[in-house]
Amino acid sequence: MSLLAVEDLCVSRGGLPVLEGLSFAVRAGEALVLRGPNGIGKTTLLRTLAGLQPPLAGRISMPPEAMAYAAHADGLKSTLTVAENLAFWAAVYATEDIEPALERMNLRGLRDRAAMSLSAGQKRRLGLARLLVTGRPVWVLDEPTVSLDAASVALFAEAVRGHLATGGAALIATHIDLGLTEARLLDLGPFKAPPPEAGGFKGQFDEAFL
Amino acid sequence: MSIWEYANPVKFMKTSSLVLPWAAGLTAISLIVGLVWGFFLTPEATNFGSTVKVIYVHVPSAMMAINIWAMMLVTSLIWLIRRHHVSALAAKAAAPIGAVMTLIALITGAIWGQPMWGTWWEWDPRLTSFLILFLFYLGYMALWGAIDNPDTAADLTGVLCLVGSVFAILSRYAVNFWNQGLHQGATLSLDKQENIADVYWVPLLFCIAGFVLLFVTLVLMRTRTEIRARRLKALEQRERMA
Amino acid sequence: MIALLIRDLRLAVRAGGGFGLGLAFFLIVVTLVPFGVGPEGGVLARIASGILWLGALLACLLSLDRIFALDFEDGSLDLLATAPIPLEGVVTMKALAHWITTGLPLVVAAPVFGVLLHLPQGAYLWLIVALILGTPALSVLGTFGAALTVGLKRGGLLMSLLVLPLYVPTLIFGAELVRRGAAGMATQVPLMMLAGITAATIAIVPFASAAAIRVNLR
C-alpha cells in the first residue's frame, strides 16, 4: 500500500512552474531520497506536499493526518528547554511521551537546557526528535542533515530506519549521502519545467499577460 | 460569450483601448458642461451666496469616494473567488483614485463649511467618516506597495478590503452615535427633489456623470498600466528562466 | 491548542516581563499626558477615560507586531500550519495569549491609573467593564494586522496603519460607555454595541487572519 502517491504534479515558485509531470509513490517501509541541484524546486515540492502551497496541477494522495513535515528551520523556541519544546509538539500532535524521542536522538542529557544554548547540530537533532513525537507515518524532510556531524548523521539514519521498520515512510530532500542504502533515489532533473517558449506549462497566469 | 472573457488581459487590453477614447471624450464634455453651467450659469442661492457652487465638485467626489470603495470590494471578491488577475489589478488601480476623491470631498467640504458653519473642520459624523475612509484607502494602498509578490499582494489586499468594508460601515454607525452633526442630510435622494431646486439639479447631474466617467477613464488607464507592468515582469522572469 | 497558549504565555514571561512591559508603557502614557495638557484636575478628569483607552490601544498595538513574526522567522509557523490544529485555532490562541499578557493587566491596573488622571468617581466600574469587553477585540484585530504583515521585514508601521482604523468602533463605544456611565446616563446602547463588536470580531476575524497567514506562507 502506498502511503504517499503523486501523479503528474506541477509545482510553482513565485508564480512560475519549476517542476512538472512528476509522479512517484512511497510505500510503507520505504524511503525516497530526492536529489537535484540547488534551485530545482526540492523545497517547493516538499512545501506543496505539506499543503503549505497549492500545486499548479496534478494529484497528491495521502491518508488524512499522515504526514509530518520538517523544514529548513527547526521551529524551536530559544527560551524554552529541550523537553518543553518537545512536549509542546507532542501536545499539538496529541502524543504524550517524549522520552523515547529524547532517547533515540541522544538528547537525554540536554533535556533541561534552554534551546538557545544548544549547538547547531544539537538543535537539528531536537528538530528531528520532534518528528518522532508526532507519531505520523509519513515524514517529509527538507535537508534534515544540515549541520550534523558524521555520528549524528548515522544517528539520524538509524532513526529513519527504525521509523521505516514500524511501517512508516520517508521522503527526504538532501545533497548528502545519508547512508540509507535501502532508500530509492529520485533525480528531479528530468522533471524541470521547460521554459514557456519550449512548450512549458500554459495554464500559468503570468503567461496570460503575454 | 460570457462577461468573464474580459478578465483575460489580452481581451481586456483590446476592448479597453476601444472604450478609452470615448470615455475620455464623454468625461471632458460632461465635466465642462456641468462645471461651466454650475459655476457661471446658475443663480446665487439666497442664503448661501456663491459658496454653494462648490457643491458641483463636493457632491460628486463624495459619491465617488464611497462608490469606488464599493467597486474595489466587488473586484476584490471577484479576484478572491474567481482568480481573475485583471480584477485584482483594477482594484489596485482604483484605490489611489478613490483616495484622491475622498481628499477632494474633504477639502471642498472644508471650503464650503468655512463660510457656512464658520469652521474649516468639525468632528461631524460625515466628515469624520470620510476621514476614516481616507485612512482605509491609505492602508490599502500601503499594503499593495509593501508586498513584492503580486499574487500575495492581491490576496492580502483583497482580504483587507473585505474586513475593512465591514469595519468602515461599523465606524460610520459608531461615529453617528458618537456625535450628532452639522452636516445636512443627503441632498440628492431621488424622491426628495424638493431639497434642491431644478436649476441646480440638472448641472449637478452632469457633474456626477462627469465624475463617474472620469473615474472609468482613469481606472481603465491605470489598469492598462498595471497590466503592462505585469507583462514586463513576466517577460523579465521568462528571460531569467531561459 | 491549550499547549500553544501555555507555550506563548511561557515565552512571554521568559522574554523578560511579558506582563510588565505593556503596563510600564501604559504608565508612561498616563504620566506624559498631564505634561502635555497641564495638571488641572478638571481637564484631566474629563479626558481620563479617553486617555486610558488610547493608552490601551497603543500598548496593545506595540506588542502586536511580533505576534507571528517570531514564529515566522524560526519556522514554527510553517510547522504549526502543517500541524493537526486548524490555523484559525492557532490565531485565536495567539490572540488570547496576547490579551492575557497585555489586555488583562491593563484591565486590572486601569483603576490605579484612573486615580492618577482624576477619573470621576462613578466611572471606575464602567471603565473596567468597557476594557474587559473591548480589549479582546483589540487583540483579535491585532492578529489580523500582524497576519497581513507577517512576511514583511519592516511591518510595524504599516501594521499600525492597517489596524488602527479597525479600532475605531471599539474605541468610540468603549470611551462612550465610560463617559455615559460616569455621567449617569443610559449605557445600554454602547454596552451592547461594544460587546457585540467584540463577539463578532472574535467569531469572524480569526478566519481572515488564518487566510492571510496561509497566503503569506505560500
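A, B and C label the chains in the order they appear, each numbered from 1.
Please note the rule applied: contacts are C-beta pairs under 8 Å (C-beta built on N, C-alpha and C of every residue); 3 or more make two chains touch, one makes a residue touch a chain.
Just so it is clear, the structure is predicted and the values come from calculations on it, not from any experiment.
Q: Have a look at A-B versus B-C and report the one with more C-beta pairs in contact.
A: B-C is joined by more C-beta pairs in contact.
Q: What chain is most central when centres are computed from CA atoms?
A: The most central chain here turns out to be C.
Q: Give, as an integer number of Å, the spacing between the C-alpha centres of chain C and chain A.
A: 37
Q: Taking each chain's centre as the mean of its CA atoms, how far is chain B from chain C in angstrom?
A: 32
Q: Could you state the distance in Å from the CA-based centre of chain A to that of chain B?
A: It comes to 48 Å between the two C-alpha centres.
Q: Name the residues of chain C that each touch 2 or more other chains.
A: If we look for residues of chain C contacting two or more partner chains, we find 218.
Q: Can you list the chain A residues in contact with two or more other chains?
A: none
Q: Considering the complex alone, what residue numbers of chain C touch chain A?
A: 2-4, 6-7, 10-11, 14-15, 71, 73-85, 217-218
Q: Mind pulling up the chain B residues that touch chain A in the complex?
A: 8-10, 83, 85, 149-151, 227, 230-231, 233-235, 237-238, 241-242
Q: Hey, which residues of chain A end up touching chain C in the complex?
A: Within the complex, chain A contacts chain C at residues 47, 50-54, 65, 67-80, 84, 87-89, 91-94, 130.
Q: Once bound in the complex, which stretches of chain B touch chain C?
A: Listed in rising order, the residues are 132, 135-136, 138-139, 142-143, 146-147, 152, 155-156, 159-160, 162-164, 167-168, 170-171, 173-175, 177-178.
Q: Could you pull out which chain A residues touch chain B in their complex?
A: For this pair, the touching residues of chain A are 14-16, 195-197, 205-210.
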